[in-house]
Amino acid sequence: MQATWAGCAPHPRQRVYFANHTSNGDFVLIWTVLPPALRDQTRPVAAADYWLTSPLRSFIGRDVFNAVLIDRRPDARTEDPVAQMIAAADAGASLIIFPEGQRNMTGEGLLPFKSGLYHFARQRPDIDLVPVWIANLNRVMPKGEIVPIPLICTVTFGEPLHLQAGEDKDTFLARATAALIATQGAT
Amino acid sequence: MNGATADLWMLLLGLGGVLVAASLIGAILADRKGADNPVIENLNARIKAWWVMVILMGLALTFGKAGASVLFAFCSFAALREFLTLTDTRRADHMALAASFFVVIPVQYYLIWTEWYGLYSIFIPVYAFLLMPIIVALRGDTGRFLSRVAEVQWALMVCVFCVSHVPALLSLQIPGFEGRNVLLIAFLVVVVQGSDVAQYIWGKLFGRTKIAPALSPSKTWEGFIGGALTAIVIGASLSFLTPFTPLQAGAMAFVIVLMGFFGGLVMSAIKRDRGVKDWGQMIAGHGGFIDRLDSVIFSAPIFFHLTRFYWSTV
Amino acid sequence: MNGATADLWMLLLGLGGVLVAASLIGAILADRKGADNPVIENLNARIKAWWVMVILMGLALTFGKAGASVLFAFCSFAALREFLTLTDTRRADHMALAASFFVVIPVQYYLIWTEWYGLYSIFIPVYAFLLMPIIVALRGDTGRFLSRVAEVQWALMVCVFCVSHVPALLSLQIPGFEGRNVLLIAFLVVVVQGSDVAQYIWGKLFGRTKIAPALSPSKTWEGFIGGALTAIVIGASLSFLTPFTPLQAGAMAFVIVLMGFFGGLVMSAIKRDRGVKDWGQMIAGHGGFIDRLDSVIFSAPIFFHLTRFYWSTV
Amino acid sequence: MQATWAGCAPHPRQRVYFANHTSNGDFVLIWTVLPPALRDQTRPVAAADYWLTSPLRSFIGRDVFNAVLIDRRPDARTEDPVAQMIAAADAGASLIIFPEGQRNMTGEGLLPFKSGLYHFARQRPDIDLVPVWIANLNRVMPKGEIVPIPLICTVTFGEPLHLQAGEDKDTFLARATAALIATQGAT
């Protein structure tokens, strides 16, 4: 595992790390490569419909990683995910989010971003949005395989991003997507 | 402490002395020309890495065959990781990759440890070569079949087969040299690394004429010739450690340097093909693990076979 | 005429009898169902090609080691020609290709002829593997480096190294089997070709379940199992020609069939990757030379090593 | 060496074979793969400025292959190349020509055709124009190498072509080029 801080330094300031999502281990990997000081204040935003389905998962998600558990199902949920993220941020936490909303199984590029990142940025425009590209983790253990192979995974942190004055949702999400893709090339 | 260990410690202490001197020079240079000078920064990072290597070599060689086998198995593992990370493999290759790590490496080093030359000399180049593509073919994905299989085969040859010939030196039986085989490893490593340093220094001082500008812009004829001559002198002067006469030791050093040089060229070509500058970032200032091993990789099997053929009874 | 030649002639005469019968059946079928029926046309073309092979084998085997070495050197040459014609090599590879034809083939078969096992078993997989990329790298063209080098290496492994293990069978020294080694070649070839025919016939008659539809649509489990059982019976019944007991001969036949099957799969995957159906058009109805050799290619080194390890004293 | 008669049969009728040109050995190769009956009546059209420069070349070109030697230099020549070809055809010969006019060193595709093929077709529209694709001969011995490698060269004969009524030069040459490229794929 290697971390490259290509666009920003590992300063202990409040940030939202937004990353590509190819494997269930993604947030563990980001969490691991963060320096301990940053790690303690960083909480992953994860799907409650996955992490609350068994006591073990619940323990890992809630107690080990202190995840902000959101519900991906609009009709079934009682709390608004963006409101949960804002509450966590206001309590001082940095966040790890996967704006694609689900694992990308296509093997390349990015899925269209969900709007959560935009809504968060609109309400807390001062917080750094740091694109994070995770490479190779899906090659270590592709879906359906049982033996992981010890390839070197890299996590690249790109240049922080902010919502610009008057920027609309689509423009902003397109810019965030481009920033994440650019981070991939900066490895 | 027997004769071999005593000689080995002498060598390691000598190397330690050289490194102390090198570290001092590095510190003085950094002080005078500024620590930010990239050449000096690179030099000091190299010196630090050599410290680590000398200490590790000392540890492993002290523990004899088991220590060397384990050390080089880990080298193979780290190198294979780097190599396969850079390859463009697919999901259909997963089982072949897993087998490379968890079957081929242990089997090869087990065979080295049991000294079964007849099998470890062909296990990877013949058996892994023929069987690996079967695993891949059975998954039915034939796109870029040959180049995908080739990447795995190259990774195994370079990172496992070639590297494993370093500890294999311990299995040779040279009359009058019993119990001293670890010194052959020390000879190989010191000549290779000494030649690397010498080529680097000669190249920095007098390098003009590039040998292969498209592949490796830092390789010059001046650096290569100066480095090769230096390595031959180092090799000849270390002949007291080996079963070779000074002349033979110098000739061996020349073969080692030549193969190391060619190995470096081939590994550069593979890196260019992949569009990367270094294999990884494992050792500060040395790029990846393979970047440090590449000169040993090609010379180890040749040095092993020459020594085995002309000096060993098995 | 010694015992081995007598046995060999017996075998060749037996095969001649089988082929006479096959040719008759082929002629009758062609007469009844029409010579234009593609299956029958293919069958008759195969039978003709087998005639040629049996006659060639007879000629070569009669002349012993020299004859077999020359015959298989020509097979390697023809196969390498086909293989390299299909590769996507560049001008920068020219020297490597020329060396493959005019250095590697002669050296390998010379080593076979001098029975220097220690070198011919590693000359291509280790030395050609490491040295060939050096020739290519020195030309400085690094585009697709690994896959271009891999194509040449595969060509050499498949067409020269593996094929050369057929005449290498003549260098084994099996107690009580002196002077009869040519029969090992006959055993290998008859089992491989018998298994091919049997798989073809069983597949045509009962083939339902495809094994690897993406690679080789004609390979079915029914054909493979029927063919393998037939080959085991053929092998066991030929044990009188070999140093094996009937049980051992059957087991050897099974290994030969299995490796032949896998070899066919891998060679199919390479062909798919290249986008061709056959390796060439050298033998009417049999595609190219490699299309006929592919089952022998993978089984020859394994059969050689097993026989050498368990029966031979050198 | 392999010959594939993909678009026509090796009948002994009068034809003009037009082929891609990558190597000095091209016409020898075509000549070799023609059945003896056809070979005897087939004459290559070759450059006098190359084949008359030494006694040996002159012997080979004029006496061995019975070449129709044309001069490629418009200002230096005394005879019109197309007239020479017509004369040879009227004497009953089949011809081998390389409409690119020079060896193609680019390693792919075809150079633009010279107009000779069109002028010949206009004056003798009944003669079959057979596209012939030569593969691999340039790989056997690339320019500058001294050791030939024995790869398998293939010569593919395509479907005969005729000048259509009212077809102009550019259209015809484009069609001839396309027919030759199509022959490559028919291997």
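Read from first to last, the chains carry the letters A, B, C and D; within each, the first residue is number 1.
By our rule, a residue touches a chain if its C-beta (ideal position, glycine included) is under 8 Å from a C-beta of that chain, and two chains touch if they have at least 3 such contacts.
Note that the structure is predicted; figures quoted are calculated from it, not measured.
Chemist: How many angstrom between the C-alpha centroids of chain D and chain C?
Modeler: Chain centres of chain C and chain D, defined by C-alpha means, are spaced 40 Å apart.
Chemist: When the C-alpha atoms of chain A and chain D are each averaged to a single point, how far apart are the two points in Å?
Modeler: About 65 Å separates the centre of chain A from that of chain D.
Chemist: Using mean C-alpha positions as chain centres, tell me how far chain B is from chain C in Å, no decimals.
Modeler: So the centroids are 37 Å from each other.
Chemist: With chain centres taken as the means of their Cα atoms, state the distance from chain B to chain D in Å.
Modeler: The mean C-alpha positions of chain B and chain D differ by 55 Å.
Chemist: Which residue numbers or ranges of chain A touch two or more of the other chains?
Modeler: In chain A, no residue touches at least two other chains, as defined above.
Chemist: Show the residues in chain C shared as contacts by 2 or more other chains, in ascending order.
Modeler: If we look for residues of chain C contacting two or more partner chains, we find none.
Chemist: May I ask you to sort the chain touch graph into line, ring, star, complete or other?
Modeler: Topology of touching chains reads as a line.
Chemist: On the basis of the stated criterion, which chains touch which? Give every pair.
Modeler: According to the stated criterion, the contacting chain pairs are A-B, B-C, C-D.
Chemist: Write out the stretch or stretches of chain A touching chain B in their complex.
Modeler: 2, 107, 136, 139, 142, 145, 147-152
Chemist: For the complex, give me every residue of chain C touching chain B.
Modeler: 118, 121-122, 125-126, 129-130, 133-134, 136-138, 140-147, 149-151, 153-154, 157, 161-162, 212-215, 259, 262-263, 265-266, 268-270, 272-274, 298, 301-302, 305, 309
Chemist: Considering the complex alone, what residue numbers of chain B touch chain A?
Modeler: Checking each residue of chain B against chain A gives 77, 81-82, 84-85, 89, 91, 94-95, 97-98, 101-102, 280-281.
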